[in-house]
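Chain lettering (A, B, C and D) follows the sequence in which the chains are written, and residue indices restart at 1 in each chain.
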Amino acid sequence: MKKIGVLTSGGDAPGMNAAIRAVVRKAIYHNVEVYGIKYGYQGLIDGSIDKMELGSVGDIIQRGGTKLYSARCEEFKTEEGQLKGIEQMKKHGIEGLIAIGGDGTFMGAKKLTEKGYPCIGVPGTIDNDIPGTDFTIGFDTALNTIIDAIDKIRDTATSHERTYVIEVMGRNAGDLALWAGLADGAESVLIPEFEDEFSDVIDRLKRGHERGKRHSIIIVAEGVGSGVDFGRKIKEATDLETRVTVLGHTQRGGSPSASDRVLASRLGAHAVDLLLNGKSGRMVGIQQNKLVDHDIVEILNTKHQVDLDMYRLSKELSI
Amino acid sequence: MKKIGVLTSGGDAPGMNAAIRAVVRKAIYHNVEVYGIKYGYQGLIDGSIDKMELGSVGDIIQRGGTKLYSARCEEFKTEEGQLKGIEQMKKHGIEGLIAIGGDGTFMGAKKLTEKGYPCIGVPGTIDNDIPGTDFTIGFDTALNTIIDAIDKIRDTATSHERTYVIEVMGRNAGDLALWAGLADGAESVLIPEFEDEFSDVIDRLKRGHERGKRHSIIIVAEGVGSGVDFGRKIKEATDLETRVTVLGHTQRGGSPSASDRVLASRLGAHAVDLLLNGKSGRMVGIQQNKLVDHDIVEILNTKHQVDLDMYRLSKELSI
Amino acid sequence: MKKIGVLTSGGDAPGMNAAIRAVVRKAIYHNVEVYGIKYGYQGLIDGSIDKMELGSVGDIIQRGGTKLYSARCEEFKTEEGQLKGIEQMKKHGIEGLIAIGGDGTFMGAKKLTEKGYPCIGVPGTIDNDIPGTDFTIGFDTALNTIIDAIDKIRDTATSHERTYVIEVMGRNAGDLALWAGLADGAESVLIPEFEDEFSDVIDRLKRGHERGKRHSIIIVAEGVGSGVDFGRKIKEATDLETRVTVLGHTQRGGSPSASDRVLASRLGAHAVDLLLNGKSGRMVGIQQNKLVDHDIVEILNTKHQVDLDMYRLSKELSI
Amino acid sequence: MKKIGVLTSGGDAPGMNAAIRAVVRKAIYHNVEVYGIKYGYQGLIDGSIDKMELGSVGDIIQRGGTKLYSARCEEFKTEEGQLKGIEQMKKHGIEGLIAIGGDGTFMGAKKLTEKGYPCIGVPGTIDNDIPGTDFTIGFDTALNTIIDAIDKIRDTATSHERTYVIEVMGRNAGDLALWAGLADGAESVLIPEFEDEFSDVIDRLKRGHERGKRHSIIIVAEGVGSGVDFGRKIKEATDLETRVTVLGHTQRGGSPSASDRVLASRLGAHAVDLLLNGKSGRMVGIQQNKLVDHDIVEILNTKHQVDLDMYRLSKELSI
């Protein structure tokens, strides 16, 4: 294999740039040419493809976002779109592709692989909702952004008798909310995996209030519902003054944490190794602190699980 | 004067601890005893009063929030409440008081002064809405918190064609929104001082969109309305995809910035100097980079003005 | 077991407070009393021992340093010192001890265990030099502090043709330097595990210079020698202008990262579980992302290994 | 005036990018063309000159360093070098120049002005050592970087009986050291403006030690001498264990603070206004919170003064 491509697709995540950098440098180290495809699969269809050099990835390891931009692409879900993409790969002589992103990204990679164009998926999403890897690129950074925000809220919380509701990202996975709850000693955490916990939240608030607790922090994953709505419901159920913060897209940005940069560098380089070793249709990951790879179809058919022991621990420590 | 008191009241602001520290250390430097009053005027009424030593203010200069806690106090707005407070001052031998906070705080200080108990006000509020001082304690920190959040949003903004609405604090004053807009190159800023600008926001969005601009950032001060509502209205008027972030109470917390710590130290020490020099019913401030003091009644009767030149500049630079 | 003690000893590390908090809350959750011992083993000898409640660990999860203070204690290395410590444990009815720290801390725990007082060690040190755990409490935070500093240096580095030498901590272990090098794309990393690499550093600098590279970053672990000396030697060997930064004790402080807080919470709680289950002379750790425990004697007799694959990767990516 | 140039020169400072952005956008707002000159006066001589558009300054307001790069240039100190620069200006039709930097930068601007090419200087340096402006671009950011580092050192300082020496930048001016000392409650501050204070430092250390103070922080401006040397001398004079941190070039980098971005935006825009109004040989500044401008020759002949009241205050508060 003498020419490979790399793209980022779906929601962006901090560390994607570090992964791109690792792909480019590892490939060049092995005398392989690398082509950067902009705007994900849309750019593959449109031919937004440029050769990358060492200098193309200078000064990006510490940047949030993705230098190759990202997009969601409806057209690539169709056979026609996929064939257009393959046309472009042929035109540029690209023999294999590294696709950085989440579920949707891997679906595209699977299609290309099936059509004879070997792809390797790299898990990049702040939600940590990809099976086959203990951590996804961006999760650690998003988590630090969240706890930084909650720390600030705690500073001011002691002054007033109030309940603070913080809505964090996580449409299907509670990892961000759960880890943030543990890391910040939140009183309660509401995650999509456990839906019927609202009465428990209210019980804890009331018990805490009776014990003289002046303030409480409740973290709500967006998948459970809107923080603003929960704030209203808590106010109604407890009559406690309630304030809501919706962290929103701040969670997607920021300079990647050290862990995310190292993880991205290792996964990106590992993806190049796999491609050069003739592998195809795999997703790289880190499990039990070791580099691994899995069949991408299997990954797409598996559901990510939240850590039950950590969920239990978060309840025990927030008595 | 041999014994003075210090309290923080109203919404807390980063840097209040640095101000308390300066009051305590400056007083002890002049061999004056200092008493810390907890929970603002409520604590004055209740007698939550403790003598402070050098050690009481160790390791707090860098902390957000206020070590003396804060509260709003309805009772102190009544003559009866004020007399209870004076009773406590007599009991502890406190001859003068330094009150750190905003408008409401100064109203209490005015009442005590009128009743023969000299008070000095120190402007501490993130809103920067106090006349007689160019900057209030906490404004600079809150501003840095806001731009840090917007920087993160910018990282991710480039990926998608979207409008980002960010709601920041500022019920009556647009300073936080305006400065944040300048510091982050926001496309539009909506502040309470200029109410009829919504159509201008829409015009700018449409023009930008036509020029090929992929994303825009709109900052809304809470005094103008809810960010969530503005997001909806923008979506309706432009059909652009819109995302809303409500920074909420993150803006009140965090370790104070260097400028806020220095400002708080200077204002706190200056307040002690005034009290020891027999001054009464004054508010300290910084104007034209020099320590000043004003009649607290005059401050209460004046309205803070937003800087018009800066508002104009923010429009010129966001063409 | 109805009463347990907890102490921190040796060099402090961010996250120790989160570990203390988890120990206290987990114990109280199981209706076990907890005693905090100040200043490590010195405080055990001196009887600086206080009962801890839920409130004792409020608002500390996010603080650097250790609320129980730390110290090194020569006296506890002697039989006599150990017996004094046991005397105090008897006096307070403390039946088991959780000791948070590094090698020296575990040596003390081993001695107490041998004398019939069950101890559990929790690995807390920024150096990550403890075998039996993939990560120690504090490592992730220190790493983020280092890359934050190097990011700032990179900002300014592009302006001038210069070599920047950054000395980081790590007397015996190169983990901090190696991970920081990967996370920041450093040109070279000098670690105690590989001593004869100085000529390689010079070769890389010269090659880079010839290719037109304007600036380079070299990370030196303190165990290899002084950054200032290396700066001088590099200047002599290459005639390139060289600037040295010694990060020093900034690396020990700071609010713990999300990962460190979660790790500390899990390890602290796990240590309580082991003690209550009758375990003794164990060190808790995290391996392959799972909670584990090892014989503390075995840990003391094993040498931590740096990750060779990561060292190789750091060279491949910095071509 | 229809075409202007902009360059950054000398040591870079955070906020320079925000100033460049303001120059470009303000000029375009007035329908004036802007040319960016890379590598300061060296690039002017070499003709590294490119036309800038709105898009040239996108996404840079939050970046440290300078997009136009910086350099010191010996050749431009000669008549010959200056004439070469003027040749390039003529060639590109550049009628006026905005030069962002410090003393050396303004000397170049003065020379061009004298030769009939109107220049406006914008003060950009972290040292705050320029007369005619209360603050220079970059000072506030560097200050926040310093206190962030000292905060971390404080976290760990409480554990051990030690003296921490921190060397900060400031070859001729003590502003960074003095403000950092006030903002962090340092025990002593050594600045170039007051040379004979070493015995006072020792006296304070000894007195503190006798009072039971466990740790002290001493800030040394590099203009006074090397932090490493001071550490040694303090150890010799007091026998206290001493640790040294040399913050080095971390102080030059980092994303500019909100204040620096706003200041840079205002000064950059003001410089354009002056140039378009036919002014020449001026330096813009902010004094008493208002935009001002001064004769650049006068600025070059004046010496910056450190604030004596603040120096006194720092001593009073660190009793």
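Everything that follows uses one rule, which is that a residue touches a chain if its C-beta (ideal position, glycine included) is under 8 Å from a C-beta of that chain, and two chains touch if they have at least 3 such contacts.
In UniProt terms, the chains line up like this: A, B, C, D = ATP-dependent 6-phosphofructokinase.
Because the structure is a prediction, the values reported are computed rather than measured.
Shared numbers divided by all numbers used gives the overlap of an interface; between subunit C and subunit D this overlap exceeds half, so the copies present the same residues.
Subunit C and subunit D, compared by their mean Cα positions, are separated by 36 Å. Work out the mean CA point of subunit A and of subunit D, and you get 39 Å between them. Listed for subunit A are residues 151, 154, 158, each touching two or more other chains. Because contacts link each chain to exactly two others and close back on themselves, their graph is best described as a ring. Interfaces, counted as pairs of touching chains, are A-B, A-C, B-D, C-D. Here subunit A touches subunit B in the complex through residues 11-12, 14, 63-66, 69-71, 145, 149, 151-160, 164, 228, 243-254, going by the rule given at the top. Per the touch definition, subunit B reaches subunit D in the complex via residues 18, 21-22, 25-26, 28-29, 54, 59, 61-62, 134, 140, 143-144, 146-147, 151, 154, 158, 179-180, 182-185, 255, 257-259, 261-262, 265-266, 269, 287-291, 309-310, 313, 316-319.
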